[in-house]
Amino acid sequence: MAGGYDTDIVTRLETNLDDLSPEITGAVMEKLLAAGALDVWFTPIQMKKSRPAVQLSVLCEEARAESLADIIFTETSAFGLRMEKIARLKLERRFETVTTKFGDISVKLGLKQGRIIQTAPEFASCLSASERTGQPLRAIYAAALAAYAAQP
Amino acid sequence: MAGGYDTDIVTRLETNLDDLSPEITGAVMEKLLAAGALDVWFTPIQMKKSRPAVQLSVLCEEARAESLADIIFTETSAFGLRMEKIARLKLERRFETVTTKFGDISVKLGLKQGRIIQTAPEFASCLSASERTGQPLRAIYAAALAAYAAQP
Amino acid sequence: MAGGYDTDIVTRLETNLDDLSPEITGAVMEKLLAAGALDVWFTPIQMKKSRPAVQLSVLCEEARAESLADIIFTETSAFGLRMEKIARLKLERRFETVTTKFGDISVKLGLKQGRIIQTAPEFASCLSASERTGQPLRAIYAAALAAYAAQP
Amino acid sequence: MAGGYDTDIVTRLETNLDDLSPEITGAVMEKLLAAGALDVWFTPIQMKKSRPAVQLSVLCEEARAESLADIIFTETSAFGLRMEKIARLKLERRFETVTTKFGDISVKLGLKQGRIIQTAPEFASCLSASERTGQPLRAIYAAALAAYAAQP
Amino acid sequence: MAGGYDTDIVTRLETNLDDLSPEITGAVMEKLLAAGALDVWFTPIQMKKSRPAVQLSVLCEEARAESLADIIFTETSAFGLRMEKIARLKLERRFETVTTKFGDISVKLGLKQGRIIQTAPEFASCLSASERTGQPLRAIYAAALAAYAAQP
Amino acid sequence: MAGGYDTDIVTRLETNLDDLSPEITGAVMEKLLAAGALDVWFTPIQMKKSRPAVQLSVLCEEARAESLADIIFTETSAFGLRMEKIARLKLERRFETVTTKFGDISVKLGLKQGRIIQTAPEFASCLSASERTGQPLRAIYAAALAAYAAQP
């Protein structure tokens, strides 16, 4: 199935961590993102012997899987790692800049077959406007959405 | 501390459910809300003997605590219930209606000492506009925020 | 491996939502179920930049995957979607009606090679008996199980 | 508010653990229960610096709070501990034995002002019947509920 | 991709449980581990109709998948089960014994191409030292790591 | 109860967020910590209408409660906030420096009535040693614990 969407194949690495301090688990997220992971996330899980553990999930391009696996084995307590190839459907991405009273904000657009079906103010752009103006992040988001909607 | 906020005292009821089917737990939420609870929520917890259990929390006015406790004892597997009085700080609430291309939408405003510091399109109002027009709920929210922002 | 079970192949769609209001996420569940999803569920996850996010998972027949993907891309903030084909083992299902003092209740039976290995009072049937009689859902379930067990 | 319920005051101890291995966290649950805690549970939480951490909660009689605090400080990585007194509403408990084809099973009854409003087969009693007969725990529970319901 | 790691293929069984008491869910974990599962874990999920449910995940060798599926269908409320084959990367394992003031402790080493990249005191070995000496598990772990680090 | 522990009274602020994007929720954590909160954490909760929501919890000195409440009301979607005073038991803290092959590391000691019952390598100190040497954080922690244990 493609259905008008862009597609690709990515690799998902997963492991269950039941003997690693959360301090260290948290620091590993940064290392994996810095090394090129597309996404990294933690899921709370419950393992044997009443252990409140964590599942680490990493999404990456296949070419990066080996170097990211090396990081996981070196930096965490994992002795094993699950590896799956997964198809993805994706919107085409385009960026536009809108002008608000808080300054220019970048807006990410998602397109299916040339039609815009997603509009999302860029987090980094909103955050810097928030820091520059001292206004709440929520106000920046709302202004960016309003500015985009008001375009001809 | 009040600091310019409205305040009141509410009661929080809590119990840990480790022997109730989630089907029934889910249905209890509706009953408690229908009986006047201010808020009801579930927190996933891990109890003894590897039980993936649920903490049920209910926030209510003190005058309702007894009848809501009756519902919990009758409808769930609880043999005990924790009960605490808790102070709340609150924004003053006011409602306004904005006009969008999807129709009129109600917007909830939160005020501190007469100054508006919160703006939230009303879920029920957005949902009915979404159902009426067939447009995504997100588009309705964005339009309501934009319409509110565009007011003189 | 079949091992005496019915089998089929289903599609699982998944995406991580880190920029969608829970109000909207909740409403999407209904839309996906109404559009024919076999199952929809949320998993709390923790993403980068301290975001308390949600993984949306949808199980569906392959023929529905495209129309459900369209709903996800239109109604949520997803720019990408993971798609996997997964084998399922299933019990054969059969329904029976038992008579209780709360009225007739439907019971769902699960069979492996003709032998009943699962017995579950139907939620909808129990709920309507509970609403009709004003009795707790748990009492209805217990009565249905007892009535089924008492059959010759 | 008592409303016909038994009441008492218990102590809740809580601490957030962000630098303890889940292996050790799991083992602490046993120690706290063995030392007289009324209940012990874990809640998955997300702390600063992307740490997937755990809140440890202990419910105990006030007289036990100090010795349980000693265990937490000795066995976990906690440098601080929150301590609250909480009122509880409780059902009166009574036990009965019912006879099933799997043997005798203990059933826990919960009473409000002498009226039975809760019926729960005892886990330990069901587990030992399950181990003795090789039958699923669910079947034992259903049989116990059915036997209780069939009483004159 | 192997990248110097041992690899194998395992089977993951998964099902969403929304009508099983956590007491019974907890007991199933033991049964699955006793029947040879490599790993068993629970993930809190949120299903339709406000149900705070649980995803049961089992990792096993393919040859065990059928007998473990039988246990899940018999002991839980599942009417269906997802089954996937998943590649794993693994470190080579080796065990060493270190001498501490709390007695001898077994340490698990993880090797990639003959090089040690993981060092983990064995939980069972540390627990028995803790029970034997009355010292905190954390102190035993630290002593084992220190003894291993002090080796020539 | 003090039992030889230091004690103080802190304020806990809590609110349930069911209409805020996780992107914004994540950014609020930083703001609250920067404004002097003692601790900030998120708990995944399930609210009405199938909303996968988040409970925000803030621990602070009473004198800071008002300014932190202002941040929450300004930066999040909260219209109300629960506020409780909670007693804390605390270990006395002391810091020591140990010398390892990765450089000097700060170790935090927790004392009860002058006796050391907690030993924890400082995260920031370990992280900077890890960045300086390129060695895994886990190795730094182990070395710091070993160096502390080897002291006369």
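Each chain carries a letter (A, B, C, D, E and F) given by its place in the written order, and its residues are counted from 1.
Simple rule for what comes next: a contact is a pair of C-beta atoms (placed from the backbone, for glycine too) under 8 Å apart; a residue touches a chain by one contact, two chains touch by 3 or more.
Bear in mind the structure is a predicted one, so any value in this text is a computation, not a measurement.
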Any chain that touches chain F and chain D: A, B, C, E
Classification of the chain C:chain E interface as same or different, half of numbers criterion: different
Between the pairs A-D and C-D, the one where more C-beta pairs touch: A-D
Label of the chain whose CA centroid is most distant from the centroid of chain C: F
Selected pair, out of B-D, D-F or A-D, that shares over half of its residue contact pairs with B-E: A-D
Chain centre separation (chain A, chain C; CA means) in Å: 28
Chain A-chain F separation of Cα centroids, rounded to whole Å: 25
Interface hub residues of chain D, defined as touching at least two other chains: 19-21, 23, 27, 29, 42-44, 46-50, 52-53, 74, 77, 84, 123
Topology of the chain contact graph, where touching chains are joined (line, ring, star, complete, other): complete
In the complex, chain E residues that touch chain D: 20-21, 23-24, 27, 44, 74-77, 123, 127, 130, 136-138, 141
Chain B contact footprint on chain F (complex, rising order): 16, 19, 43-49, 53, 55, 62, 65-66, 69-70, 73-74, 77-84
Contact footprint of chain B on chain D as seen in their complex: 1, 3, 5, 10, 12, 29, 33, 39-44, 57, 59, 84, 86-91, 93, 108, 110, 112, 117-118, 120, 123
In the complex with chain B, residue positions of chain A that touch it: 44, 46, 48, 50, 52, 119, 142-143, 145-146, 149-150
Complex contact set, residues of chain D against chain A: 17-23, 25-27, 29-30, 42, 44, 47, 49-54, 77
